[in-house]
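The two complexes that follow have subunit A in common; it is paired with subunit B in the first and with subunit C in the second.
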Partner chain A sequence: MAAIRRSVLDIFPDLDPALVTEDRSLQELGCNSVDRVDVVAMTMEDLGVSVAASDFRGVRNIGALATLLRRHA
Partner chain B sequence: MTVVVVTGTGVVCSIAADLVEFATALRAGNCGINSRPDMVSDPMRPWLAADLPEWNFARRLTESASSSALHPAVPEIARRAAGRAPVGVQMSVVVAMQAWAQARLAVHPVDPERVAVIVAGHNLNGSSAAIAAERHARSPVHLSPRYALQFMDTDHVATVSEVLGVRGEGCTVGGASASGNVAIVHACRMIAADAADACLVIGAMSDLSAAERQAFYNLGVMAGAVSRSDPLRRCRPFDVKREGFVPGAGAACLVLESAASAARRGVEALARIAGSAIGLDGNSLADPTVAGEVSVMRRALARARLRPGQVDYVNAHATASVLGDVVELAALDEVFGADGRPWLNSTKGLTGHCLSAAGLVEAVATVVQLREGFVHPNRNLEEPLASRCRLTGSSAVPARLRVAVSNGFGFGGFNSSVVFTDAA
Partner chain C sequence: MPYGIEALNVYAGLACISVPAMFAGRGLDQDRIPNIAMSQRSVGLPFEDPVTNAVNAARPLLDRLDEQARGAVEVLITSTESGLDLSKSVASYVHEYLGLSRNCRLLEVKQACYGATCALQLAAGFLAQSATPGAKALVIATDVALVDERAGYAESATGHGASALLIGDEPTVLALDGGAYGCYSYDVLDSARPTPEFDIADGDRSLFAYLDCLAGSFADYQDRVDNADILSSFQHLALHTPFGGLVRAAHRMLLRPFGLSAPQVESDFARRVAPSLVYPALTGNLCSGSLYLALASVLENSADLDGSASQRIGLFSYGSGCSSEFFSGIIDSRSVAAVRSMGIGDQLASRRELDFAQYLDLLPHSLKALVPRQHAEVELGRWSEYLDADRSLLVHTRTKDYHRAYEWHGPLGSP
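Up next, the complex of A and B:
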């Protein structure tokens, strides 16, 4: 979660970090289609993990994204 | 025949952050060339460049937020659309905003579907491409997905259209170092064909990669091989001791518009595009020809219904390359012959060679000199090559200018010439 928060704040420096919660989606935070894949790539790099793009299908919120990334850590 | 006028201008380069600074810098003959510290000691590497002294996109947007000539939402849309974009795209956005404001397009709008965007240039993102290639080699999966949008030159067109709400035609237009003039010509045609009432023509920054820079240097066309001191004296257009060009970082924009549209909006025309021509040499090398350059200047003047003797000023292509300058002077002598002695200078001696953007940077320089009545200095012109034209020296010359020609020539035999006249 901390890594995802860092990536989101990298894109939106003015965002309140407390808004990055497991139940919210990146879209709800204002991320457009490119921002979303960028957040994922930045977070993967931050954590040193590699996840195939197809595995992200079905990920609907930040909590699910964190779970998926944790599984590949 | 549709009359096309200039109603807005914008510029960012090594000697100026906006139009007002640009006019002052031109008059003073300021030069933005400096040395790249990491390169000076290696005689095999290009060490000269006219880079921007600084670039802070967020600050530029904050400054523009106070402008009543822009829609209040524009700075925030720009931050959102281009805050993470490469510097070149950010510069395109800033010069477009400047020109948009001067053309009063926010206050007296044109139907968004009747506004077009043409970005002059190609292969604009060499530096970003090199960074992406390195990242990709290290770890493919972590390459930024954003790069899929950013590697395309059309990202400049798209981002500007988002920031200013443009809904008309959009494209990039290329012609090597003549790209700027080639784009101006195509914008005029778009307006003459009634496909648009107004067109933003943006000369985008050529963000050269280290390899691209080195290739120019290895080709022997870049300054800096003769001496590795005094960076401000290395770029010497028209001088017997010229060494080659110095690459410059710059972007510039013209708003071109039909005279009818400008009149409808009650907006002042800054200058008029009276004629233009493009021609190829039928030659893929870096070898300019007198015949090709003469041909475009003559055709541009003929289309403007002007005689060579009526030309007051020529903004030369003049990169300070050993071959290019002497060929251009021979072409000018042939065009003007006994019929006129126009003033002649090279803006590249001040800004460096802005490559893709050069034609637009020089178009803005031409409009500034027409309007303010001066011819800017030729930097480092100590021993001039023979010419029938009147070359300025180290100071600006006050001059009443009515007709100006701006040349642009590119590797691969791209010749172009545009005739500007005062708005009257």
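Up next, the complex of A and C:
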């Protein structure tokens, strides 16, 4: 979660960090499609993990993204 | 001997619509227009299809060749995700209407938006082993749009047209760096055309796969090319451009390891990448022709190239499904002159701008462009206002027993 929060704040420096919660989606935080892949790519780089594009199917919020990335760590 | 692109032309249709008009017509959020970084997209007309786009892109290249050079075209490859038949290729029609030699090899390839790049590499390899001095290959990337409101934001970013590349051993436009390439491919269903009537796309997955492939193919390039790095090895970059916003994100990703400040990244983008986006921002995604439109855009819009010595350009081709390649080549002021002489910018500017109602009127025809029909007549008279009497273009006129027929419109007649 901390790594995802860092990536989101890297793209939106003015965002309140408390808004990056497990139940919210990146879309709700104002991320467009390019921002979303940016957040995912930056977080994977940060954590040194690699997840296949097809595994993101069904990821609907930040909590689910964190779980998926944790599984590949 | 270096091989590469001797001449390059792009045909992006006769009609276009502004992206703000598309967004307004579909009730999309206008605030998102800067994200896709496009101002217009090309729109197909009922007498246009993958064959006419291909022929209309390639004929101006062939008209400049003498008879001997035309006869030296030993290979024709069409690259398309807009095939007209599961067996008979678009190339077989294009070969006929371009009047190429009956001794020329023909082939159609399909690999989504990556197809033309693979065809370019295969053609260069073929020419390197040809026994004919001065042998050439013609690679044409040609596609049409099959999107409507179901495609969401992608409807505004999908283009229509063809890029034609004449390949040979006098590579004025782009001399390929021999052996300098990197590939990265795997199975994913990010976007596809499961029937001749519509596209499916998973935007997030496709953008992710694009960036993943860029990282993977550049890493493979670095394994093959000693000391290559994205910041200092290339004076220019041209990337497959589904929409400009993705290319901006891709550039940001490539530079992240260098720890530059945001203004430094922005300045690098403006100098090395932005010139590649000028033309794509006026057409939308031309599928596998998109990278070559981006190359033309660099050559015509980069201030760094006039009168300069040779410079290296890095190119990235991505096709959904997915497959990708990062490769490089050399360009110089002769490349600029060669592409400028084709008048691509003037042709883009001369397209008729449609309003949203006119676009909707054309849409049912565009969506049927690839549907096989036993018999059909194109009501050319209904659409003749789009044809300029002074410009020679191939038009689709009818289909008889599944065989499409075309005619030359304009002063020149058949080549």
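Methods note: the second predicted complex is superposed on the first by the 73 of 73 C-alpha atoms of A that agree within 3 Å, B and C clash if a C-alpha of one lies under 4 Å from a C-alpha of the other, contacts with A are read in each partner's own complex, and residues count from 1 in each chain.
One rule holds for everything that comes next: a contact is a pair of C-beta atoms (placed from the backbone, for glycine too) under 8 Å apart; a residue touches a chain by one contact, two chains touch by 3 or more.
In this text, all values refer to a predicted model and were calculated from it rather than measured experimentally.
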**Prompt:** What is the contact status of A:38 with respect to subunit B (first) and subunit C (second): first, second, both, or neither?
**Reply:** both
**Prompt:** On subunit A, which partner touches more residues: subunit B or subunit C?
**Reply:** C
**Prompt:** First (subunit B), second (subunit C), both or neither: which does A:67 touch?
**Reply:** neither
**Item:** Partner chain(s) touched by A:21 [first = subunit B, second = subunit C, both, neither]
**Value:** neither
**Message:** Just to be sure I read the superposition right, which of the two partners does A:56 touch: subunit B = first, subunit C = second, or both, or neither?
**Reply:** second
**Request:** Enumerate the residues of subunit A that count as touching subunit B in its complex and touching subunit C in the other.
**Result:** 34, 37-38, 41-42, 45
**Residues of subunit C touching subunit A in the complex** = 32, 35, 153, 186, 188-190, 203-205, 207-209, 211-212, 245-246, 248-249, 252-253, 256, 322
**Fill in**
Counting only contacts in the complex, subunit A reaches subunit B at residues 11, 34, 37-38, 41-42, 44-45, 50-51
**Message:** For the complex, give me every residue of subunit B touching subunit A.
**Reply:** 84, 139, 141-146, 149
**Request:** Flag every residue of subunit A that touches subunit C in the complex, lowest number first.
**Result:** 32-34, 36-38, 40-42, 45, 52-54, 56-57
